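Take a look at this one; I'll ask things after.
Lettered A, B, C, D, E, F and G in written order, each chain numbered from 1.
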Amino acid sequence: MLTPGRYFLAGNIAAAEAALIAGCRFYAGYPITPSSELMEHMAKRMPEENGVFIQMEDELSAISAIIGAAWTGKKAMTATSGPGFSLMQENIGYAAMTETPIVIVDVMRGGPSTGQPTIVAQGDVLQSRFGSHGDYETIVLAPNSVQELFDLTIRAFNLASIFRNPVIVLSDAELAHMVEKIEVAQKYDIVEFNQVEVDLVPSFVPLGYGFKVAVTGLTHNFKGYPITNDVKVHRELVTRLVDKIIKNEPTISDVEIINPEAETIIVSYGISSRAAYPIIKDNKDVGLFRPRTLWPFPESKFKEIVKGKRVIILEMNLRGYAIEVERVGRKYGGKDFETIHIIGGEVPKPSHIEEVL
Amino acid sequence: MINLDFESEKVYNTGRAPINIHAFKVPLGKVHIIKERCKECGYCWTYCPKEVLEKSDYVNKNGYHPPRIKKGKESACVACGMCEAICPDFAIFVEEIKNE
Amino acid sequence: MNKKLIKPGNYFMNGNFACAEAALIAGMNFYAGYPITPSSEIMERLSYRLPQVGGHFIEMEDEIASMAAIVGASNAGAKAMTATSGPGFSLMQENIGLAVITETPVVIVDEMRGGPSTGLPTRVGQGDVMQAMWGTHGDHEAIAYAPSSVQEMFDLTIKAFNTAEKYRNPVIVLTDQVIGHMSERLLVKNYEEYEVIEREIRKFPDPIGKVHDFSIDYVPMVIAGKGFHYNIDSLTHDEMGYPSNDPKIEEMMVRHLVEKIRKNEDNIVEYKEYLTDDAEVLIIAYGITARSSIEAIRKLREKGIRAGMLRPITLWPIPKRKIERLSEKIHIIFVPEINFGQYSHAIREHTKVPVKEIHFPPGAVPDPKIIIRNIEGDAT
Amino acid sequence: MIEEAIHPKDIYLRSDRFPHIWCPGCGLGIVLKSYVDAISKLDIPLDHHVLVSGIGCTARLPGYANVDSYHTTHGRAIPFATGLKIVNPELQVTVISGDGDLFNIGGNHIIHAARRNMDILVVCVNNFNYGMTGGQHGATTPEGARTSTTPYGNIEHSFNLPYIMASLGASYVARWTSLHVRQLTKSIMKAMKMKGFSFIEVISPCPPNFGKYNKFNDGLSQMEFFYENSVLDNNADLSEAYIDFSGKRPLIVGEFVQRIRPSYIELERDLIKRAMEEP
Amino acid sequence: MKKEIRVYGYGGQGIITLGHLIGESAVEDKKEVIMTEEYSPYITGGWSRADLIISDEAIDYPLISGIDYLITLSQEGLDVNINEVKNDGMIFLDSDLVNYSDFKGNFIPVKAKKISEKLGNPRSMNMVILGVFVSRTGIVSKDAAINAIKKRFPKYADENVKAFEVGFRGEEY
Amino acid sequence: MYPIINKDYCKGCNLCVEVCPKRVFEKGMEITHRGYYAAVVKYKEQCTNFKIPNGGKPLCEICWLTCPEHAIEFKED
Amino acid sequence: MEFFDFYRKDRWPHQFCPGCGLGTIMNCLYKAFNDLNIDIDKTVFVSGIGCTGRVPGYINADSLHTTHGRAIAFATGIKLSRPDLNVIVISGDGDLFAIGGNHIIHAARRNIDLKVIAVNNANYGLTGGQMAPTTPYNMITTTTPYGQREYPFALAELIAAAGANYVARWTTAHPNQLVKSIKEAMQTKGFSFIEVISQCPVNFGRRNKMGDPVFHLRWIKDHSVPISKMTFDINSPYDIVDLNTKGIYIIGDLVKRNRSPYGEIEKEIEVKGPQE
C-alpha cells in the first residue's frame, strides 16, 4: 500500500490505491475505456495485497461478482464507464434492495451509446441516481481533483460500510487520465462493517458463518424471506431504504462553499467546477457551491445560502444536475437560475462563465 | 465469378494426374506498391516465395518503409498473389502480364 | 388491410392483449422479447398472432438481445417492438442508447412493477418514470406515453409507432401492471379511422448523399440491402456515419439528436385536462394514478374544494407549456405517484407554484381517500 | 517497375478512409482482404451483403468495406444481425467481430444463435486479448499468457471456440490463422453458400498488445509461430484443439464441421405459412 | 347501478376465467365493466383473485371499495374477504371446500366441484358457479353469458354451456 | 416400518402411486381441506420396509425421494 | 441431520405446484448432504429467478436469491473471496442458460469450484410457461403456439465443451442416481454440473397432453437413454446434438476429468515466444 508521502499519480491509479487503503480486497471488472487503467493496476496490485482480482465476462457479471463477494464480508469494488454503467443498472438496484455495501467507480465519457470513448462528459449524473428501476437511493460522490478522487474513494468505502448501500464515485475521462500531485496522509479513518451504528441501518450479517442468511432481491421481511403478497411489508422496506439515506443527508453530504455571501452563486461539480476558481479569486461578488456528494442532494447545506440569489449551474451535459438544483433552489427562495451546458469533450473554461456573468 | 462446387474439390483431392511441365508457362507478374498505405509489417517480403521484395529506404508520410523489388529480381515474380493476399493494408497488388 | 387483424367492435380485453392487437394494426411485423411478469401476455399473444399476419416473432435469450434484435430488425425495414418490465427495462438501457444514436424507430412497452430489483413482480409500481428519461447514459430526449385505460393502451400503442416513425427515435409506452392486467371494455374502430404512418424509406440512388443529416429533423431512413452501402455507427459519427473523435462533430450530433425532439415538442406533447377551468388546486397524475385522482376530485368538489387535474399523456417530453399556463391561476400542485417522488421533480422545473408530492408505495392502486386527505390538509 | 496505382479491390472498400486505424502487423487487414476477395468472387449481389460488428478493433472492420455496415454496441452484434436476417432473409449477413466482443460479453448471444441455427456467418477474429482498450485478457487468452490484467500469467483456462460451436450444432465450423489467407477466403465463400449458422475462427496477431507482453516483438514473429506450429487436420478431435503458446501443442486448423440441417429461417418460413393459412 | 364483485380461490381453479366470463357477458349487455386480477407468483396452489366492477356509467377508479357479490372457492377467500362484503351482499361458495359455519351472511352454497365431476370434467367447476351466479343475481343476462362462453371456448363450448345450464337451473345431480 | 401420508402437505400429484414398485399406494377419493385428493396407503404390508424393525434404515425409499411435498413419512408399527 | 434441519420448517409446505419435480430434487439434495455429512453452515446456496430460484429460500442455510440470470456471477464472487465455503448454485434452465448463458459457460471455462444443479423443465414455469431454450422441438408452449421451431440446447454437452470437470444428466425419474451424482459432484474439485430433467405438469405438461404429473414423469422416463447403452462415440458431439433435437435425453455421467480448477493452474505453462 502507498506509504504516507507525496506522489504524482493519474486519477485511475489514485482511485485504485485509495481503494486498497480503504480495505478493498475484491475487485471484479471488465475493460472499458477510459477506466481500464484502474483495472490493470488492480490486476497487478490485488495479488500483492492478498486480495482477489478477477476479470469477468461482462459488466453484468462484474457487479454481480462484487455483490456476491461483499456478502462474504469483503470490501469490494468495480470500475466502469458509460455503456458498462448502463449494463450494471439492474444489479445496482439489487444491491440497494439487499443493502449490500459496494463501491462503483464510474468514469464518465461522451454518450449516448458507445459515443466518444476518450472524451470527457458528465452525462451520467442523473443515471447514477435514477438509472435502475423502482425507488431507491444511492450515494454519489463527485471529486474534482486527483487528490479528491483519492480521498473520496476512501470515503466511499466508509459510507458503503456505514449505510450498507451502493456508493458511486463519479470520476470522468479527464480526471481518470489527469496526473496530479497527491498527498497520502499518515492515517485514514477506515470504517469496518458494523463498526458504526446508524438509525434505520440493520447490522450486516455475512454469509458463511452459520447465520443461515436469506438474501433475496424480492420484497422481503426482516428474516429475508420473500413476501410478495403483502403491501405493508413492501411499504416498510422501501420506505426504510429511502429514508436511511434521505434522513441522514446532513451527515452524508459534503460541500465546498466559497464566498457564501456573494450575490451570484455558481453551482458546479467534478472537473467542470475547476473553471470557477479563477473567477471567484478575482471577483468577490461570485460564490461557488460545489457538492462533493451529488446524491443525496445536499439540501441542508444548499438551503442556507440560496435564498434570493442568482444561481448559475455549470455542467458538461445538456440536461442533468440542473433540474435538481432548480428544484431545491426554488423551494428555498432562489431567484434566477441559469445553466451553462458544455458538451463535446471540451472542459469548461473560465471564459464560459464570464460570458454569462 | 465462380461457382462453388463442394464435390469437385473431392475429385480434385483423390485423383491427381501428373503435370506435364513443358506444357505450362510460368506466368510473369508485375508488383504494384501503394507506398503511402504501407505500415511496414514485413509480411510481403517474408512470405514472398520468390523473395522478390525487400525493405526500401524510402520513408512514406507516416514514417514507414514500404517494400521494393530487389535488384536483379525484376522479372522473378510469378504472380502467385501471396503478397497481395497477405498485405493487411491493401498496399500491394500483383498484375499478371499476359503478353507472350 | 389484413383480414387477420382484430375486427372492429366491442371487446372485453386486458391491457396487454389490447397492446398486442394495437401493434398489429400499427403494422408491427417484428417482435423480439423475453418473458417477464407482468408483460408476458403481450409476448404470448403475439407469438400466436404475429405469424398469422406474416410477421416475425422470436423469443430471444435475454432482454439485452431482444432490444438489440429489434434495433437490427428496424434497420432492415421492419416496424419492431418489444415489451418488458422493471428489471428487463434496466437491461435494455444500453441498447435504447443504440437506437437513439442510430436514429432507429422502435417501440418499447415497459410495464412498471414494484421495485427496486426483482421487487414485487405481480404488483403495480410507477418507479420507472425517471428511468425512462435518464436510464441510458449520455444526452438524449425520451418520448414516453402513459396510458391510463385499456382503450388508451390500444390507441397509444398505435400512436407510439407513428411517433417513432415520425421522429426516428425509440418510443416508450410506459404503462403499469394494473393497466396491463386489467380488463375493460375496448372499442376497436374501423381500420380507416386509425392513422398509421408507414415508414418513408430512402430510394436508391440516394438523393441526399449521406446517411445522416444533422441540419434537418427528419431524414428518410436508410435500410439494409438496398444498395446504399452506408456505415451505421454506435460511436459518435459524422454525417457519413463514420466514427469521429472531433468534439465539434460530437456536439453537432448530440444537438441534432436532442433538438429534433425539443423543437417538435408541441407536436408530440399530449395531455388531458379535467375541470381545470375554475380550479384552484391542481393534481398532476398519470397512468393508473390518474383514475384514482378523478375519483378524489369528484369527492373534493362535493366538499367545496375546487380541484382539477392535468393528465400528461406524454410523460416525456413533459407538457411544460401547459403546466406553466396553468400555474398562473392555481395555488398549489399535487403530484400523486406510486413511487417516492419522481415526476414531481420534473414538474417543479416548470412552475413557480408550490408542488407537493403524494407518495404511494408500490404494490397497490392509490386510494383516493389518501389523496383527498393530503389535499384537504394543504388546500384549505 | 514500381508505380502508384489503384488497388483492384478498392471498389469493394471505402478507400477514402484508408489507411485504416490498425497497427502495423495486425491481422485484421488480412481478414478484410479475405472478405472482400470472397464477396468479389461470389455470385451474391453486392447490395445483399451486410456486415455487422460489435465493439473493438475488429469491429471497425465493417467501416472499411463498401457494403451496408452496422457498428453496434459491445457484444450485441449477433442479436442485431438476427433482427436484420429474420426481417429480410435475402440479405447475406456476416458478423465480423473480435473474440472479446463475441465470446466474453456476447457469449450468450452466440451460443443461442448457434443453437437456433440462425442463417448468419460469424467470423471471429481471435487475437487473444482486448486490443482496443490496451491488451487486457479475455476468455480466449491461453493459460499462462501475460496481458495487462494478467501480469503474473493467466490463471484461467481458455475457450476452445470450435469445440463449443460444434457442440451447439453449428452448420459450419472452421479455424484458420491469418497466415492461411487463401484457405480463409475459400472458407468464407463456402460458409456464405451454406445454410445455417457458420462460424470461422481466425487466429490473428496483435503485435503491440498481446505480442508485446508475450515476447513476440512484431507481427512477423507471431506469424512465424503460426507458420511453425499450425497443423491442418479437418477431422481433428475438437476436444483436444485447445490453443496454447507453449509450443507443446499443435495449432490445429481446418474445416471441422459441415453439416446440413434446416436453418431457423427455413423453419420460420414454414411456420408463418402454416399460421397464415389457419382460419 | 354499480355492482362490485370479487372472485377468489386457488390458482388453477379457473378464477380468472370466471371473472373474465362475467366481464365478457357484461360487455355483451353493453355495460361498462372493469376487471383487475391478482395472483401469487405460483401458478397453482397460490391464491388468485379477480375483481370486477359492472356499472352503467364510466368507471374511473378501477378498484372495488366493498363487495356486493363474493365468489369464493377457497377457505382463505372467505376468511380474508368476509369483512368487506356489504350488508346486502351475497356470498357464493363451494360448500365442500369452504366451511362457513363460523360466519354470518347471505351464503349460497353450491357443490360445484362434485357436480362438475359428475358431469365428467372437473375443470368446468367455474361454469357451474357462473350459472348459479347469473341466475341468482341477474346482473348479466343468460344469453350474454352463454355467448361469452362460446366465444371463449370455441372448441369446448358444449360441455361448458351444459355445466353452466346445470348451475343456472340450480339442479343438483 | 411403513409409509404414511401427511394430508397437510399432500397435493395429490399421485407420483407415489406411479413410482412405487410394490403398488403400496392408491389414488385417494377424499378432498383435503386444501382442495386436493390425497393419495392413500392401501397395502402397507407390501412395502419393502414393512418388516424393518425400530431404528432400521429404510430400504427402498423411492416414494419418499420422489414425493415433491415431503408428505410421506415412515412410521414404526 | 433431520429433514427439517436442512429445510426451513416455518416455510413448509412449499408453494410449488402439485407434482412439480422440484420437491423430488429437494429430497435428493437433502439425502446427499445427509449421507456425506456436509457442514451446512459452511455451505451457501445461490439461485436466480424462477421456480427453481425459490428452492434456496426453503433451505436452512445461507441463501442468496439474486437477479435473473446472474446467479453464477454472484457465486463466483462468493467462492473467490471465501474459498473455504461450498457454493452450490441451484437454478432453472431459463435462468442459467437463456439469460445467464454467458456466465455459466465462462464459469465452466474457468473451472471454478462451483456445484451447479440446473433443473430443466423445458419452459419458463414461473411466468406461465413460455418457450425456453431447452424446449424440445415441436413442443407447444405459450409463446410457441405452433410448436417450437428452434433447436433446443444440449445443456450438459455444452458445459462439457466449455471445460467443466464433472458433467452429468439425470431426471426426476431417477432419484437414487441423482443422489449419487450430487455426492459425486460435491466431492469433485472444479466446476461440477448436473442437469436434472424435471416435470412441469401444469405449464409444460398441460399443453403437451401430459397434464397429469404421472404422465409427464412417464414421458421423461421413456425419453431418457442411459449413456452406457449408447452405441456412438460420445466424443463426437454432433450425434448428441441430433438426439437432443429429437427430445431424447442421454442420462448418466457425461464427463469426469481432472483439469486444474481456477486458481490452481500448473505454473509451468509458460508462453515461449520465438525470440527466446
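What we mean here is this: a contact is a pair of C-beta atoms (placed from the backbone, for glycine too) under 8 Å apart; a residue touches a chain by one contact, two chains touch by 3 or more.
Just so you know, these numbers come straight off a predicted model, no measurement behind them.
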item: Chain-contact steps, minimal, separating chain F from chain B; value: 3
item: Centroid-based (C-alpha) most distant chain relative to chain F; value: B
item: Most heavily contacting chain pair (counted by C-beta pairs in contact); value: A-C
item: Distance between chain centroids, defined by C-alpha means - chain D, chain E (Å); value: 60
item: CA centroid of chain B to CA centroid of chain G, Å; value: 54
item: Chain C and chain D, separation of their C-alpha mean positions in angstrom; value: 38
item: Per-residue overlap in chain D, given as positions that touch at least 2 other chains; value: 55, 71, 73, 104-105, 107-108, 112, 139, 268, 271, 274-275
item: Residues of chain G engaged with two or more neighbouring chains; value: 16-18, 65, 67, 98-99, 101-102, 106, 126, 128, 133, 146
item: Junction residues of chain A - those touching two or more other chains; value: 57-58, 60, 83, 90-91, 94, 113-114, 216-218, 228
item: Chain A-facing residues of chain D, complex; value: 55, 71, 73-75, 104-105, 107, 130, 132-134, 136-139, 148-152
item: Touch list for chain D against partner chain B, complex; value: 1-5, 7-10, 13, 15, 18-20, 22-30, 32-34, 37, 41-43, 178-179, 181-182, 185, 189-190, 193, 218-220, 223
item: Chain C-facing residues of chain D, complex; value: 14, 17, 46-48, 50, 52, 55, 60, 62-63, 66-73, 76, 78-88, 90-91, 108-109, 112, 268, 271-272, 274-276, 278
item: Partner chain C, residues of chain E touching it in the complex; value: 19-20, 23-24, 26-27, 30, 32-41, 60-63, 148
item: List of chain A residues in touch with chain G within their complex; value: 25-26, 28, 52, 54, 56-58, 60-62, 64-72, 74, 76, 90-91, 94, 207-218, 225-226
